[in-house]
Each structure stands twice: as structure tokens, then as C-alpha cells.
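You will see two complexes here that share chain A, one where it goes with chain B and one where it goes with chain C.
Up next, the complex of A and B:
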């Protein structure tokens, strides 16, 4: 019974919530302020010029490395990685559902770590390697194929998040038990109720990935 | 009249959905993903108050913000807002961030009006009236099982009364008559049971992307479960010929009954697109999705029910209310019953159809009362249920299903009588419940089937896939008839301009679409045979299709493709309609739950659920099972977690998000055993839908399992720590536990 902690939903891919927050844009947000507070910022910027956090404002030109390609885009400092991928780069695999780090639909892999891209700022991802599920192997040895075969999806809107969390988890835990898989994808929510297929798909994908 | 083939190669097997890989690889484009060139992003301003009047609204500042292209105001000065989340205005801008800034910059002055947001508030003496006719609308009492003579006497008594008193008096007379029956019962229980409002929480929020391709031609990508419903609504709203509106829904991220129409936001998106001359994407944010996009209404019932000592229910009196209605009594044969229901109005988003509308509420209340009565009689609640099954064909069906389920959960070996479940802090309990649903199809739907000379086969219909696998089901039927594989079939749905298709609701899609699909493909095949028979030196009735080959007089003659090539230039194309004999209506089903309850913390852990479901002929066992699992998990959420929490003081919803509005994650999922009840006579009934039935009885079974475990009834759903501990505290105050 001790495992049943209503607030203790893990992050995608098995990182604890705390670790996750450290790695995501919430930390970065302290260094980046929104484009609206520009007047105050101008002064602050002058003061903080050479030391302390870097201050961005207005429009920011950015190059993001997504799925192996460099994408130039214009964002605002407050733009999330998710909105940047979806709205500006037309990379729409990751979905926006809760928009605040509680459902996992937006999961992307940044420098090998799964993150909730809805609470990761795009500007914090400059120079990092971003992977979304569009880049995953869709053949028999890949995670997407296992989800399809085991019907780990219905409407499919949560599915990109589950597939991504699952891939990130399996990359680090190639031989998981069912209980480990449960923990590993506990940061994701499905409304259609596909968990039975999802868990089977994760176990099957673990096996299939070894054949790759 | 037609029949499904006696032996099938594909139908009833486990076939992965055709679009599964597209969904699992992120390549499927949902309406909220589509990005036509020059598209603007929309954002919505909605009421922050539960009840208010707009005294002024000023968009000047908002219009001047960078990137803002248009603002469309729906609720103007003088308009009344009836709930938090009520639509006010929307903006379209170059980026989504700018659109959100724009709605934030709209200046609105509100005159706050008094609100009621909970049923308790609405029903309290002296509550502000928020609805013309009062916050509570009492329905007329209904009655069942009284003799004509008794009824005539009651009407005589009531007749002379003034109109206003008639209903009240009739209710009293009915209750008196049933009470007479209950007076002779060996055991009678009275209980009050209640279930909260829950929201659909579709993961893809409601909305659409609107694109005017000409001044009088509108294309929208809508997240909907009814492409043709949305098309008709938009055509009406913009005064367009219906054929000038195209609604496209290749994929959609969940609806559960809440996504049939264009809605005010859909029309507003089209308005903004018209104003700006650019496509506009407008979807609700997560909070508004909870607030404004529908919910399962609450339900509460004061139930009095009695039975003889040999376990036959004799009568029932129900006084129910809620923010919506539900059928009652439910499932069981009750000789005499009366019921009165009141609808309660609150300043909160309105109800919409939600997976098996009304049934989970009815089931939970009925099954709790049945269980409590069995307990009072001191009999096994399973045996008690069997003694009170309906007398129609459902009776034997339930009996067979109960036997299957009892075996799988270990009812006879493991279940202990209520409360006799040990002395430690963790108590195990078992519960069960029965449900019923219609799930028949419409008879006016069409499917077209085109066989091209290159061998490709295309099905078309204006239905859509809400997640059930509708696209795949059609392809399986076609492939079965044509001797091909489902992946050989192009199954085109999700387009309102295709032949009329069924909206995805009420478990009606598969039974509505399968017969016309069967008909279209059969006709197209026969037409193909007619056209190519001469070329293969045979009569059309000497041709057959098997394993991707054309058989002539029973012998494989050539591949499917070569056979189709004989068509020359002209494809064959046929449209199919409803054919009797292929579909049916009416299902039962039962579920069992095993739970562990920590009586110190009130935490309930569901350890196992068994779901037995009949639904006639199953087309795709794999996606059928997914629907049953999904229904069960939906019911588990209802049973354990979900609840719209309204703050009486401020009138706002306190959990309009996805962390405090709790839904099960992978760790909350118990072992779930799903079995189809499908003996030959079930298959012979033809296709029946399965979306709704398996979600109905889960919360009821869990509730009964919890009571079995802890020895007292938890009369309020969900089975949250708070409700469990409250029930234990109440019982210990009353000296019961």
C-alpha cells in the first residue's frame, strides 16, 4: 500500500519528479524572463551584463537540433519546447494535453533524458540533442511496432508520450520486469485506458529491441 | 436478410489496427496538429466567474498587440455568464503566445451575480434562483407493477386536487402503495448513495482548425465524433449549402460522447478565419476542457428496497436527484416500484453524453442497494442477484456470465461475508455488479466500395474513428469477403462528404457501419464477377475469391490483381445499405472486483477486475478487448479517483487540471481479466457495439468490494480515502464498526 502515493507520479522514463524538474525548463526559467517585462529587464540587464544569468527578451533566433536536423526558428523566451516543435517546426508527434507536467503526452528526449516538453523552455534546448518519436525505428524491432501489435493505443493521443517514455526507459533498462515498466511510464496518463496493451508493448519492445 | 459467413478467416481474430503504426510513430496528424499555410493561432477568453453579467467589454488594447489579427466577441455587454469557463471571446494571432496575450488584454467588467455550484447549495432553502423555474426541477413520479385498480383509485384521489398539488400527492400515494408491499417483506434496507460529477477529460481538447478555401467554401479539421453533425451545424451557422462544408477527422484524440457538435468555439474559429482570410486553429485549453466541454452528471438516490427471506425482491422506492438523469430501477426484476427524480441546476458547465450516459450512476446506486439488502438478509449477494434477474432473454445470459466471472475471480473459495475479512489494517473484499446496454445500429447509413483495375480496394463512409478501431473493422469485413488481407484495403473515413456514416456514440458505430460495408463489398464483388466472367470463360456464379486469388470453378486461376486487371479501364463501384440479419441490439455483462482497503489511511487498491461481456459477433478481437479494458479502466477511475470539486465560496472548480483531477496511471492498473461471452447463439445475433457496456458496472463492483472489505457501506463515490474514512467514522459513531 505504501506505493500508492497520489502525488507521487513519476516523470516519464522513470526519472523521479525531482530529478526531472532539475533537468527541465523549470530550472532554466529562473534564468529566462518573458518578453513582456522588458522595461524592468533593460535595467536589470545592464546590471547583470557580465556575470549572472543571461537575460533574453523579445524574439529570439534559435537553432534546435531535432531528430538529427538543425532547425532555425524564432521563438520568445517564454516559448516552450513543445509549442516550438508543434507550432513552429511542424513536429507534431508530441502532444499538448495538460500543458503543465502532469500527463506526459508531450514527452521528448533531450540529451538522452525524457522531459516534459510543455514545461521545458525552447531557449534552454539550444545546443542540445532533441529526439521525438518521429525519429524512432518503425520496424519490427522498434517501440512503435510493439504498440501497434499489442494495441497499446486507442484514440492515440497519449500514445506518442507513452512510446517516447517507453523508448527512453528501455534504452536505460533493457531487461525490465513488469513492475519496473509500470514505474517507468508512471508519468504518463491515458484516458482511453490502454494501459494493458501499453505494458505488454513495453515488455515486447524490450525483447524486440535486442533483435535489432 | 443476410448472414455473416459460418466460418470466417479474419472476423473474430486479433488484427492490429491499420492506423496503429501511424499513431504510434507520431505521424498521424490530428485536427490539432494540422497546419495549413498561413494558419493563425487562436486563444479563448472564458468566464472566470460562476455567475456574472458583462457590463462592458473592450478589445481595443488587445487588437493593438503585436501579431493580433482579429478578435471575435461572443458575449457582449449585457450578456450573462452562467459558469466558470463560459465562452466570452477569442483572438487569432500569428503565434499562440500572442493569441494568449491578446485574450488576456481584453478588458471586461463584470457584475458578479450570486451563484450555486454544488447540489447542496442549489437545493438549500433560500438559495439564489439561477434557473427560471427554480434550481430544482422535480419530475413526475413513475410507478411500475401496481394493478390497474390501485392506479385508478390513486388517480381518483388525485383528480380533484389543484394542479400544483397533484404531482406531490401522486408520489405520496405511489409510495404508500409500495410501502404496503414492503411492509410484508422479510427484510428492508434504506440507504442514500451518491456519485459526483466527472468530466470527460478528452486528451485532445475540443476544437477545430478552420480554413475558407473560397468565400463560400469551408474546410475544417475537427476533433469530433460526428463529422457530418459538425458539417451540418457549420453550414447552418454560415448559411452555406451543406455540400460547401467539408469536415475532416482522420484521427481524433478522444470524445467519450462530448464531441458531437461544432460548438461555439468551432463556429468562432470559422468566424475568425473568415475575418482574417487565413486558416485559424482554435482548441480549448486544459482548464476550459474540464469546465465547459461536458461532464457526466452527478446522481444521488434515497433507496428503500425489500425482499422475502428466500431472496426475492418485492418492492423499491427511489427518490433520486442529480445534475442529470439516469434510468432506474436498473437491470433487476422488481415487481413493484416507484421513483421520482429531480434535476438540479448549478452554475457549472453542463452535462454531455458520457460513455453509457446515465448507466454507471444507475448501476452503482442499484447494485449498492442490492448488496446492502443481501447483507441484511444474510445471503450471498451473487445468489441473491441470480434470484432477481430479468425474465427476458437477458436472464439466462446473465446467469452464464456470472458463472464465468465468479470462477475467474474465485468468488466461492475466496469471498467472505461482509466485514468478516480479518482484523489487520489491510482488508480484502470482493464485489460484483451487472449492467445492460442497447448498442444497436442505425439503418440509414451507407458505405461505398470501389474495386480498381489495379486491384486496390477503397471503402468510403462519413463515419470516423474515435479510437475504437472503426477504420480497421471496415477493412476486415471487406478483406474477409474479398479473400484479401485487411492491409490491402484502403478504408477511408473521417470525411463529411463521403456517403452518410454513423456518428461515434452509444456503441452504435460498428453495428451501423458493418451491414452497409458487408452489402457494398458483396455487391462490388458480384459486379466484378459479372464483368470479368466472360474473360475467364466462366459464368459469374462459378467464380470465387480466396487467399488473394480468383477461383474459377473451385480452382485457383489467377491472382486478385490479375483478375481486377480484366476490368480494363473502368473500376466497379457500389454503395451498400443496411441489410437485416447482420446486426442486433441489447447486451448484458457483469464485473467483479477484488480490492484491498487500508482502514487506517482509507486508501483503496484494486487488485483484480474480471469483466465478462457479450456483444454478439466480434469483428476484431484485439480492438474489442482494448475497448473492454478501456471501459473497465474508465470505470476504475470513476470508482476510485474522479470528481469535479467545486468551491462553494468562489464558485470555481478547484481541480480543473490533470494533477488534482486524478486519473489512473500505470501503477494503478490492477490485473484485469476480460472474457467475451460468445457461444454460437451470440455470434448468430450479428454485430453489436461494445464501447459503453464495459464501463458501466466497474465503479459499482468496486464500491461493493470496498463495503465487503471494511464491513460498512461507503455511500459516496469515488472510493477515495476521504469517503472511506468518513464512512468508517460514521459507522464507529453509530457503533457499527
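Up next, the complex of A and C:
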């Protein structure tokens, strides 16, 4: 692993799927270098004609501020924040499930607000503060602990999204009622149907966070 | 999705210039457009991101002067604005039910008004009119969420913006900027039922940007009421917004618009005519609901919308005067 190691798992292991993807990305980048150089030339010509806003095309160098650290990466304008976090930065807490802004598994917190990262372009997040659940307090005062204690998960695939949505909600609503929690995290879906545990975890996390 | 060029202007002038050309589309919250691009329903060559144009955001005004809401104002900003909620409960009630927390944090007023229809034949790439071999896929297929008015035409989708309905009831106008002069017109004139496959459901032309919505002061008793299948992450099945001018206890003027029943925000002139001149009671409200259904012509699978329409019109009228009998 490189120095960026959000999960603290520096131990050596076989090449992961993402490592492979990034490796093949380098090869692909070399292959399209000529095309990219042409694109840059086009861009320079366009800039000379018009001093308006920059038009991004092809591959774009981007720096994203995630969980307090700046991460440089190369994306395309069409890359979503979710795919960039997962496949470029190896920040895999947000999950890709519906990929259509419907299920909430990809929830990330951008400038303090929960959003669907599957339907947010990475290029539009430059300069914004991005938080994923890798940065959350996993101790007894944190939201993840409450999910564990209250059995707020079954298969677990929706859990990162729910934990993130809960954290964002509780940061703004520290004393919620059950009904407010229901409305506050209604952008997430659990196909196993473990909502009772999730709602209890949110209420317990609200209490626990005050002790932190 | 297909690759595209991307620009993020910070001024309206630059945004208009960048959008001038075929294949350019405006992106704001992205909750509709990005999903459409992933499904190859819309494949633009250039995407112009409007959220960095700060002059498009913002909510200003007060109850005495009316309000102006920037097209870039997020739905969560509109929902959280207490002054707006007090002056225009019809708008507030429609806004807080849209999508989910995440959707409202991303989506903007302009994007809500200009989102494309949710008709599944359109979303599957069959075009707005969903015709195949000269026949309507909607009429022959699953039309449970389609229109019950104007069904003698070819456009059978329902206009997807619930805020358009609330804002039309409130008498709002929209302002549009573009390569030519800025223009301001009634919000209901933003929509049309397309007659040919190449016609849009919106009346603004390519390269124009919706910049703001203005709601006049002096709204009457107003409210929105909706019936829906799921409580969250769904569209209403039918929603009614009413705005009633009062002369003492009597309704002196009425604006009643309905979502979910037609390819445009549906102005229920029959319900309006029924309630004007009456005192608002459960009986007169129910009569207006009955009147709202006049002229409806459901498709094969959506006759259930007729009783929903009657009920939401009745309840929206009663909610406007504070009678929420169904909550007790």
C-alpha cells in the first residue's frame, strides 16, 4: 500500500481488484497519451480564443479533500464521486448499489450535508469537504458502535450508508424523536428490512454522542 | 454514460455562452440528469455545471413584497425557509415531501421544474410520446402512473414537477435568460403537451437558462395535499395545490392545480368554478373534488387516480383553512 491507507490495513496481501484496476488505468493512460496531448492542444487553442471558464475534457487532474486529507487523482468529467472514492482512492465505505440516487448505500457527507455520491460528479467536488464513514468515531460514543450494539444490520450492505446518513442527521439534530429519525434517514433503504434496529441505533447513538 | 466535456462557469453570462450550441445541457443537482445519462436516455456532448453560478442561488423577499427564489436554490434551502413556509404553505408542503434528505440537499428548484418525465417508456428510450410502429406503448402497456386528462392526445406521461403545481397555484412567474433577451412569463406556460416526437414538454428553447421564480405577495389561503404510495423516496400519485382568495367567509377567487393527472400542471377549472362563491365546508370541498374529476378519461390501468383526485382536491381545500380532519 502507499502512504494513503484509510483502513489502516498496511499488511501485504495479494493484488486487490482495485489495485489491478488502478494498474490497468496506468496502462490505459499511456495508450491514450497521444489523444490527451491533442486534447490539451485543442484546449490551449480554445483558451487563446476565449478567456471564459475552462472546458474540461478527457482526463482531468483533481484534488479531493476526503476525511481531512487531500487526495490527488485522475478522473474523467463523467466520473462520479462514488466511483472516484472507491476505484481511484480506495475509500470503499460508500457502496455502489442502485447507482441511481435511490437506495442511499453511497451516502457521503459533502460540505456537511449528506448526498448520494453515485449521482454527484467528482469534478464538481473540488474544493469541498468530503467525509465518509472511515473518519467516524468507532468507539462507544460513535454511530457505528450503536449499530453494532442494537443489531442494526443483517446482510450489512446498506449499513455504511445508514451509518453515514445517521451521523449527518444527528450532527444537526442531537435530540431527535423516533418520528424525526424516520424522516431524517428516509433516503436509505434496507432490503433485509432491519429498520427497527437501525432506528434504535440512531436513538441510542444520539444519547451516546453526548457522552463523547 | 458517454464521455462529455465539462465546464463550471461562475457567472450567468459565461453559462449562457457555454450552453449555446447543440449537444450542451445544464447540470445542477444532477439527481435526474446523471441517472438519465447513465441510462443513455440523454447523452450530451457538453455539460455545463450551474451550481457555481452563485447569482442563481438565494431566496429573497418577504410576505409583504413577495419572494424571489433563485433557480439554483436547493430544495433543502426552500424547505428550511420559515418565512416562505409561513407565506406559502402550499409550496412548503410540496417541497418537504420530495425525494429524501439526500435528494433535497442536491436538487435545485430549477432542476425540479425542468426534470424530464418519469414515464418508464420515455426512460427506456422510447421517446416522450412512446410510439412504436404507429402505436402507443403507453395505451397498450402498463400505464398505471400515467395521465387521466388529455388522454386523447399522444402525450400520456405526467408532468413530473410537484413544485410547478404549487407555484402555479400561487401565481408564480419564471424568468429565463438566454442568448436573446431575458423573458418572464407565468410558470404554467413553461409546460406544454408535445404533439410531435421532436417537441419538448418545456417551452424554453435550447440555450436558455431558468434563472428565478417570483411568487407574488398576497397569496390567499393556500395548501398542498398529496396521496402517495410510499412515504419516502417516491413521487406523489396525485397532488393538489390550492390558493383561495377570501371575502370574509366566502371564496372570492380560486387557483387549483393538480399534479399526476396530465402531461402539464393541470389547472382544474371545474373545481375552481365549483368552490368560488361558496363558504368552505366539508361538503363544498367534497363538491369541488367531485367537480375536479369532470372530463377525466383514464387509461386501462389508472382509473384509481380519479377517486384520489377527488380526495386530494377536497383535502387541499380544507387544509388551506386549517381543517385537517384526517389527522385527528
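One rule holds for everything that comes next: the second predicted complex is superposed on the first by the 158 of 212 C-alpha atoms of A that agree within 3 Å, B and C clash if a C-alpha of one lies under 4 Å from a C-alpha of the other, contacts with A are read in each partner's own complex, and residues count from 1 in each chain.
Rule of thumb we're sticking to: a contact is a pair of C-beta atoms (placed from the backbone, for glycine too) under 8 Å apart; a residue touches a chain by one contact, two chains touch by 3 or more.
These figures come from a predicted structure and were not determined experimentally.
Participant: Name the contact category of A:113: first (chain B only), second (chain C only), both, or neither.
Facilitator: In the superposed model, A:113 contacts chain C only, not chain B.
Participant: Under the stated touch criterion, which partner chain does A:78 make contact with: chain B (first), chain C (second), both, or neither?
Facilitator: both
Participant: Applying the document's definition of touch, where does A:86 land relative to chain B and chain C: first, second, both, or neither?
Facilitator: After superposition on chain A, A:86 lies in contact with chain B alone.
Participant: Could you say whether A:149 touches chain B, chain C, both of them, or neither, answering first, second, both or neither?
Facilitator: Only chain B is touched by A:149; chain C is not.
Participant: Just to be sure I read the superposition right, which of the two partners does A:163 touch: chain B = first, chain C = second, or both, or neither?
Facilitator: Once the two structures are laid over each other on A, A:163 reaches chain B alone.
Participant: When both complexes are superposed, which of chain B and chain C contacts more residues belonging to chain A?
Facilitator: Residues of chain A touched, chain B against chain C: more for B.
Participant: Between chain B and chain C, whom does A:186 touch in the aligned arrangement: first, second, both, or neither?
Facilitator: Both partners, chain B and chain C.
Participant: In the overlay, answer first, second, both or neither for which of chain B and chain C A:63 touches.
Facilitator: In the superposition, A:63 contacts neither chain B nor chain C.
Participant: In the overlaid three-chain picture, which partner chain does A:177 touch, first (chain B) or second (chain C), both, or neither?
Facilitator: After superposition on chain A, A:177 lies in contact with neither partner.
Participant: Could you list which residues of chain A make contact with chain B in one structure and with chain C in the other?
Facilitator: 76, 78, 99-100, 102, 183, 185-189
Participant: Which of the residues in chain A come into contact with chain B in the complex?
Facilitator: Counting only chain A, the residues touching chain B are 1, 3-4, 6-7, 9, 36, 76, 78-79, 83, 86-87, 90, 92-100, 102-103, 105, 132-134, 136, 138, 143-145, 147-149, 151-160, 163, 181-183, 185-199.
Participant: Under the touch definition given earlier, write down the residues of chain B that touch chain A in their complex.
Facilitator: My answer: residues 16-17, 19-21, 23-30, 32-33, 35, 41, 95-97, 101, 201-205, 251-256, 285-286, 426, 466-469, 596, 598, 601, 603, 605, 622-623, 625-627, 629-634, 657-659, 662-669, 672.
Participant: State the interface residues of chain A toward chain C in the complex, per the touch definition above.
Facilitator: Residues 52-58, 60, 76-78, 80, 99-102, 104, 107, 113-116, 119-121, 123-124, 165, 168-169, 183-189.
Participant: How about chain C: which of its residues touch chain A in the complex?
Facilitator: 1-10, 14, 17-18, 27, 30-31, 34-35, 37-38, 46-47, 49, 51, 76, 99-103, 105-106, 231-233
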